[in-house]
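By letter and in written order, the chains are A, B, C, D and E; residue numbering begins at 1 in each of them.
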Amino acid sequence: MSMRLRLSHCGLSAGKRARLHRLLYKHGLGNGTALFLPYDQGLEHGPRDFFADPIAGDPRYIVKLALEGGFNGIAIQVGLAEKFYWDYAGEVPLILKLNGKTDIPSDERALSPVHASVEDAVRLGADAVGYTLYVGSPAQEADFAQFRTVRQDAQRLGMPLIVWAYPRGAAIEQKGGKDSFYAVHYAARVASELGADMVKVNFPHPEKHTAVPDAYTGDFTSQQAIEAVVRAANRTMLLVSGGSRSGDDAMLQKAYESMSAGATGLIFGRNVWQRDHDESLRFVARLRDVLAKYPTE
Amino acid sequence: MSMRLRLSHCGLSAGKRARLHRLLYKHGLGNGTALFLPYDQGLEHGPRDFFADPIAGDPRYIVKLALEGGFNGIAIQVGLAEKFYWDYAGEVPLILKLNGKTDIPSDERALSPVHASVEDAVRLGADAVGYTLYVGSPAQEADFAQFRTVRQDAQRLGMPLIVWAYPRGAAIEQKGGKDSFYAVHYAARVASELGADMVKVNFPHPEKHTAVPDAYTGDFTSQQAIEAVVRAANRTMLLVSGGSRSGDDAMLQKAYESMSAGATGLIFGRNVWQRDHDESLRFVARLRDVLAKYPTE
Amino acid sequence: MSMRLRLSHCGLSAGKRARLHRLLYKHGLGNGTALFLPYDQGLEHGPRDFFADPIAGDPRYIVKLALEGGFNGIAIQVGLAEKFYWDYAGEVPLILKLNGKTDIPSDERALSPVHASVEDAVRLGADAVGYTLYVGSPAQEADFAQFRTVRQDAQRLGMPLIVWAYPRGAAIEQKGGKDSFYAVHYAARVASELGADMVKVNFPHPEKHTAVPDAYTGDFTSQQAIEAVVRAANRTMLLVSGGSRSGDDAMLQKAYESMSAGATGLIFGRNVWQRDHDESLRFVARLRDVLAKYPTE
Amino acid sequence: MSMRLRLSHCGLSAGKRARLHRLLYKHGLGNGTALFLPYDQGLEHGPRDFFADPIAGDPRYIVKLALEGGFNGIAIQVGLAEKFYWDYAGEVPLILKLNGKTDIPSDERALSPVHASVEDAVRLGADAVGYTLYVGSPAQEADFAQFRTVRQDAQRLGMPLIVWAYPRGAAIEQKGGKDSFYAVHYAARVASELGADMVKVNFPHPEKHTAVPDAYTGDFTSQQAIEAVVRAANRTMLLVSGGSRSGDDAMLQKAYESMSAGATGLIFGRNVWQRDHDESLRFVARLRDVLAKYPTE
Amino acid sequence: MSMRLRLSHCGLSAGKRARLHRLLYKHGLGNGTALFLPYDQGLEHGPRDFFADPIAGDPRYIVKLALEGGFNGIAIQVGLAEKFYWDYAGEVPLILKLNGKTDIPSDERALSPVHASVEDAVRLGADAVGYTLYVGSPAQEADFAQFRTVRQDAQRLGMPLIVWAYPRGAAIEQKGGKDSFYAVHYAARVASELGADMVKVNFPHPEKHTAVPDAYTGDFTSQQAIEAVVRAANRTMLLVSGGSRSGDDAMLQKAYESMSAGATGLIFGRNVWQRDHDESLRFVARLRDVLAKYPTE
C-alpha cells in the first residue's frame, strides 16, 4: 500500500488548500478521502442515460442523493448549478465542470469546449472546477490553449483544478484504445505535468495491449497498473472513475485496488444513480466502507 | 577551439543578463558553462521513459538529483514546477518549459502548444523559459505566432529565452531527417534569427546526407559540423542535447567536440537519469570534467 | 527617363517622412536614392547561403560591411537586431523585417508568418519595417489579414512600411512563374494598393511569357517592363532586388535600367556579400556610381 | 535569544521563496542572515550626503563596494538601476526601491510617491522590491492605496516585498517622535498586517517616551524593545536600519541586540559609505562577524 | 576637465542609443556634444516673449533657424510639432515636450501637466521626449506619478527621456530659491535617480546661499558648482539651460565652464532667438566654437 498524498506536500496556495481541506476533511468521511458524484452525462451522452431510472434525470433528485449519500461533492455543468445548487448551497460542495460536449460528432479530433469560467465557479460558491482534457487528440493545440487559461485563472483565484484526463481521438484508437494501461498511464502524467491539482482517470486495463508501445505488453496485474498510474500522477491527487454501469463486485474491487494504490478517492456517477434510490444508497455505503479503510495519514 | 560567447557581447537587457549570470556563474561549475537537466519526457513521451528506473518517474527525485549533481538548472513543465519546485526554490535554478505536447498524434505537422506563460515563470521564480520550435514543420505559421508572443513577453520581463530548435515534420523527413547536419545547422540559425538567447540542438550527423541540399553532401567530420552549428547560432548561446540514451563514451565525445567548438553547455536528461542514482552522479562527474576544461574567458 | 518620387508628394505623415528623410538623405549618397543591404537569407534559405564565404554568416561582419559600404540601411530579423544592432545603433539605419519563414515546407501555399511587431521596430530604433507579401498565394487571406495589422500599426507609429512583393504559390507557377513581367508588374501594384510606402520587387523578365495573360505576351524590352513596374507602383517608392548571385555586368545593367525608370533604389544582398570583403566593396562602389547619376530632384 | 524565522514557515509562494533564498543563502554570509546596502539618499536627502566623501556620490563606486563587502543586496531607485546595474547584473542582488521623495517639502503629511513598478523590478532582474510606508502620516489613505497595488503585483509576480516602515508626520511628532519604542513597535506591526515579507525599522528608543501612550512609559531596555519589535513583526522578517552616521561601537551594539532578538539582518548605508573605502570594508567586516554568530537554523 | 559620458556606458537599450547617436553624432557638430533649441516659451510664458522680435513668434521661422544654425534638435510642444514639423521632418531632430503649463496660476504647488504621449513622439518621428519635473514642489506626488508613466513608455519604446529638472514651489523659495547651487545640485540628482537619460538644469549660483542647508554655505566657485552638478547627474547626460536673456559674454562663460565640467551640451532658447536673425546665427556660431573644443572621446 502506497502513502496517500497530504495537502501540505503539494505546494498549494492558501486558497486551493482551504477549498481542498473542505472537500476532503469537512465532507464525506472527513478522513482525507473523496467520493464525488459526477452528473454531466446529460450533456456528454444526452438524456438517454436516464431512461432506465427517469427520476435520475431530475437534477434536484441527484443533489439530494449526494447529500443523503454523504458525498464529498457533486460535479455539474453551469446551467444545472445555476438552477439547482442555490437551494443546497454549502450543504454539499460544488465542483463546477467548465467544459463539456455532446457525443453527436465524431471523437476523432475530440475537444471539449469551455463554456464556463473559474470566476463562474467562485460566484457560485464552488470548491473546485473540473476540466476535460482529451489526451492524445489531434486537437491538442486548442485543448492545451484553453486549459492554460483555466489553469491560470484557477491559480490566480485559489481554486482547485480537477482534470478529467481522457485518452481520446484517432491516434489513441490506433495505439490500443482509451482504456489501456498505456493510455491511462500517459493521461495521468499529462494532467500532472500541465498543472492539475486532482486528476480523474478510468481504471487501467493492462490486458488491452494490442498496438500499444512495447513497454506495456508485459504481464501486468490491474493492481500493478493502478499503482503505476498513481505514481505517474505524483503530487496530483488521483480519482478513479466508475465509468459505465457494471457489476457491483467488480466496481468494489476497482475501488479497493485504487485506494490501496494510493488514490485519493472515487468519482462514481452512473454506477450510483442508474438504480433505484435505496439501492443507490446501499451501494454508496459499500463504497464508503472501502474509503474508511484508507484514511490519509 | 573557438571562443565562447560572453554575456557582455550579446546585447542583453539587465534582467536577462542578471538571470543568465546566475545560471552560468552562480550554479554548476560557475565558469560560464552550463549543464542543464531537462525533465519533460513525462509529457513528451509519456511515463514509459521511467519504466527501467521507476524512481526517475518521481519529480522530487529528479530535483534532488539536479542539486546533488551540481546542475546549472532543471527544465520542467508548469505542473511539476508548481508541485515540486517550492520545496527547493532558489537552490537550483528553474527553467520553465512553456510549451510541450504528447507524442500520440502524428508529427507530420508538428506543433508544440503553449500551456504556460512567461509571467508564470516570473511568478515561480524561474531564471529562464524554454520553448520548442519545430523548424521546418508545415505548422510554422502557428509556431511563429505563438513564439512571437513568448519572445515579446520574455523581452518585456527580462527573462532569458531558450529555444529547443527541433527540425520536424513531413518536409524534414523528405530532406534527410531531423538529425542531419543540414537540419541541425538550419535550426540553430532559425532560433538565432527569431530571437532566442540560447538554443538547444541535437548533435549534427554529417553522415546522414541522403536527400539533403547539395551543400551538405561533402565529407564533413562531426567536429566540423558542430563548429558550423555554433557559428550559425552566432550570438545565441548553444546547448547540445543528449537525446535518447546511448553509450557513455559516445556521449562524452559529443560533449568534448561541442565544448571545443564553442558551445556554452550541455542539456542531458535520459542519459543522466536512465540509470541508478550513483551511476547517474558518476556520469555527471565525467560531464563536469569536460565543462571544467572549457571555461568562458 | 522618369521623374523620381519626392517625399513631399506621397501624402506621408510627419513620422514616416522624418524616417524616410533619414534613410534617403542622411545616409548612403544622401541624394534621395537608396542602397539597402538585406540579410534575411539565414532564415529564408538557411545558413547554406554562407558556405562559400563563411565570414558572411557572421551578422557583425555584415553590419560593418553596411557601414563601410555606405549603405542606406540594413534589413534584418528581430533576433539579429537584438544581438548585433545595439553596438552600431544609429550608425547605419535599421529596417526590421517583421515576417519570414524557412524554405523547408512547400511554397505551394506560401505565407510568411509575422514574428515581430512595429513596436519592436520602434523599440529597437528602426527607421522602417519590412513585410513579405506573397502575391498570388492561395494563403492570401491570412497574408492580407496580418498585413493589415502591420500597416495599421505602421500608420499609427509613423513607421515607413517596405513590402517585399513576391509573386509566389501554386497559381503563380501555373501562370508563368515568379519572375515574369506579368507577375512582378502585378505584385508592385498590389503593394501600392494595399498601403506600402516602398516596394521591393525582382527585376521583371518580359521574355518569360509562357502561360501569362495575353497582355504580357508582346515584345517588351526589360527597360519597358521596369518602367511599367515603376508606374504600377505609382506613389510607392520602388526598390529593385538583386536576387541570387549573378554576373556583375548583368546586375549593373539592371541597376541602370531601374534607376533610369524612376526606381528609388536597389536592395542587393547575396550579390554583395557572396564574395570576399574587398570585392564586395568594389562592387558596392560601382552600384553607388549608378545611384549618383540619378539623384532625386 | 529568539528563534530566527525560516523561509519555510512564512507561507511564501515559490517565486518569493526562490528570490529570498537567493538573497539570504546565495549571497552575503549565506547563513540566512542579511546585510543590505541602501543607497537612496541622493533622492531622499539630496547629494549633500556625499559632500564629506564625494566618491560615495558615484553609484558605480557603491555597487562595487556592495560586491567587495559581500553584501546580500543593494537597494536603489530605478534610474540608478537602469544606468549602473546592467554592468554587475546578477553579481550582487538588486532590491528596487519603488517609491521615494525629496526632503524639500514638509513632512507633516509625508507620502512617498511610487515612481517604479514591480514589473520594472522583474525586468531589471531584481530579487526584491522596497516600499516606504509612512506609518501614522495623515496621508495614509493615499499611502495604503498605492501600497495595495504594489503588494498585489508583488504577490502576482512572486517578488518579495520589503517595507521601509517609518513613523512619520505631524501626529507622530506629537506622540513622541519617530524613533520611540512606541512608534517603531507600531510600525513593525503595521507592515506585517498589511502584507510585507520583510520590514526595515529604525532601532527603537525606549527612553524616548515623552507623550507616548502609557504602555510605553515603563523602564524598557533597548534589548527588550527590539525583542518586542521582532515579535510584533511575527512572520515578517525584520531588518534593522543604521540611520544617520553614529559611533561604530553604538552601531555594533545595536546589531548584536537586533540579531540576538531574532532579526534577520541589517540594512546600513551612511554608516558604511560615509567613510573612506578601506574603513568602510573594515566596518563591514565587523558587521559580518556579528551576523556570522546568528545563523538561521 | 572631466570626462564626458559615452553612450556605451549608460546602460541604454538599442532604441535609445540609436536615437541619441543621431542627436549627438549625426547632427550639430557631430562630435558627441549637443546644442538644442527650446521653443516652449509661448506656452510657459505666453507670446509676450516674442514682443521684442515678433518674427520669433512664428514657429516656422524658429524651425528654419534651428536648421540654419546647425542645432542638434528643437524642443517643441505637440501642437507646433503637428503644424510645423512635417515640412522639415528628419532635417532637424525633434524633441517633443510632453508636459507644460501657463505661468498664470501661482507656482507655489507647481506641476506641469502632461498633454502628449511618448507614442505621439514616435508617431511624429521625434528622437527624444522632454518632461518638466518640478523638484521640491509640494505637488511631487502627482509629478512623480505622471513621470513614472512617461518613463515606462519611453523605456518600452526606446525613446530618450530628457528631464527639465526645475527646483520650484513654496518650499524651494524658503530654502534659497530655484537657482541656488543647493537646488540645482539636488535637481540634477533627482532626475538621475528617477530615470532621466538627459537632464536640463539651470546654471547653479553658489553665491545664493541664504537659507540653504549648511553644506552649501561655503565659498564655492561657479566652476566647482557645475562640476558637482555634473557628478550628481552621474550617468545622466547634462544640458545647461540658457535661461532668460543675458549678456553674451556671461552666457559664453557659462558654456565654457559647463562643457569643461563634463556637460554634454547646451539648450539655449531666448538667448538665441530674442535678437535679429543674423545676430542669432552669429551667437550660435560662438556657442558652436565652444562645443567644438569639447568633443566626446
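The criterion applied here is as follows: a residue touches a chain if its C-beta (ideal position, glycine included) is under 8 Å from a C-beta of that chain, and two chains touch if they have at least 3 such contacts.
Predicted, not measured: the structure shown is a model, and the values here were computed from it.
Novice: Using the contact definition stated above, find the chains touching both subunit B and subunit E.
Specialist: C, D
Novice: What angle, rounded to the nearest 5°, describes the rotation that places the Cα atoms of subunit C on subunit E?
Specialist: In short, 180 degrees.
Novice: Once you count every C-beta pair in contact for both, which comes out on top, A-D or B-D?
Specialist: Most C-beta pairs in contact, of the two: B-D.
Novice: Based only on mean CA positions, could you tell me how far subunit A sits from subunit D in angstrom?
Specialist: 49
Novice: Taking the mean of the C-alpha atoms as each chain's centre, how many Å separate subunit B from subunit D?
Specialist: It comes to 40 Å between the two C-alpha centres.
Novice: Taking each chain's centre as the mean of its CA atoms, how far is subunit D from subunit E in angstrom?
Specialist: 35
Novice: Counting in whole Å, what is the centre-to-centre distance of subunit A and subunit E, each centre being its mean C-alpha position?
Specialist: Measuring from centre to centre gives 67 Å for this pair.
Novice: Would you mind listing the residues of subunit A that make contact with two or more other chains?
Specialist: Only 11 qualify.
Novice: Hey, how would you classify the chain contact layout here, line, ring, star, complete or other?
Specialist: other
Novice: Let me know each pair of chains that touch one another.
Specialist: The complete list of chain pairs in contact reads A-B, A-D, B-C, B-D, B-E, C-E, D-E.
Novice: Report the residues of subunit B in contact with subunit C in the complex, numbered from low to high.
Specialist: My answer: residues 10-11, 135-138, 140-141, 143-145, 147-148, 151-152, 155, 167, 169, 171-172, 175, 182, 185-186, 188-196, 213, 215-216, 228, 231-232, 234-236.
Novice: Subunit E touches which residues of subunit C in the complex?
Specialist: 13-22, 25-26, 81-82, 85-86, 89-91, 94, 119, 122-125, 156-158
Novice: Applying the document's contact rule, which stretches of subunit D touch subunit A when the two form their complex?
Specialist: By the definition above, subunit D touches subunit A via 11, 13-14, 156.
Novice: For a test of understanding, state which residues of subunit C touch subunit B in their complex under the given definition.
Specialist: Residues 40, 42-43, 46-48, 51, 54, 57-60, 77-80, 82-87, 100-102, 104-106, 111, 113-117, 120, 142.
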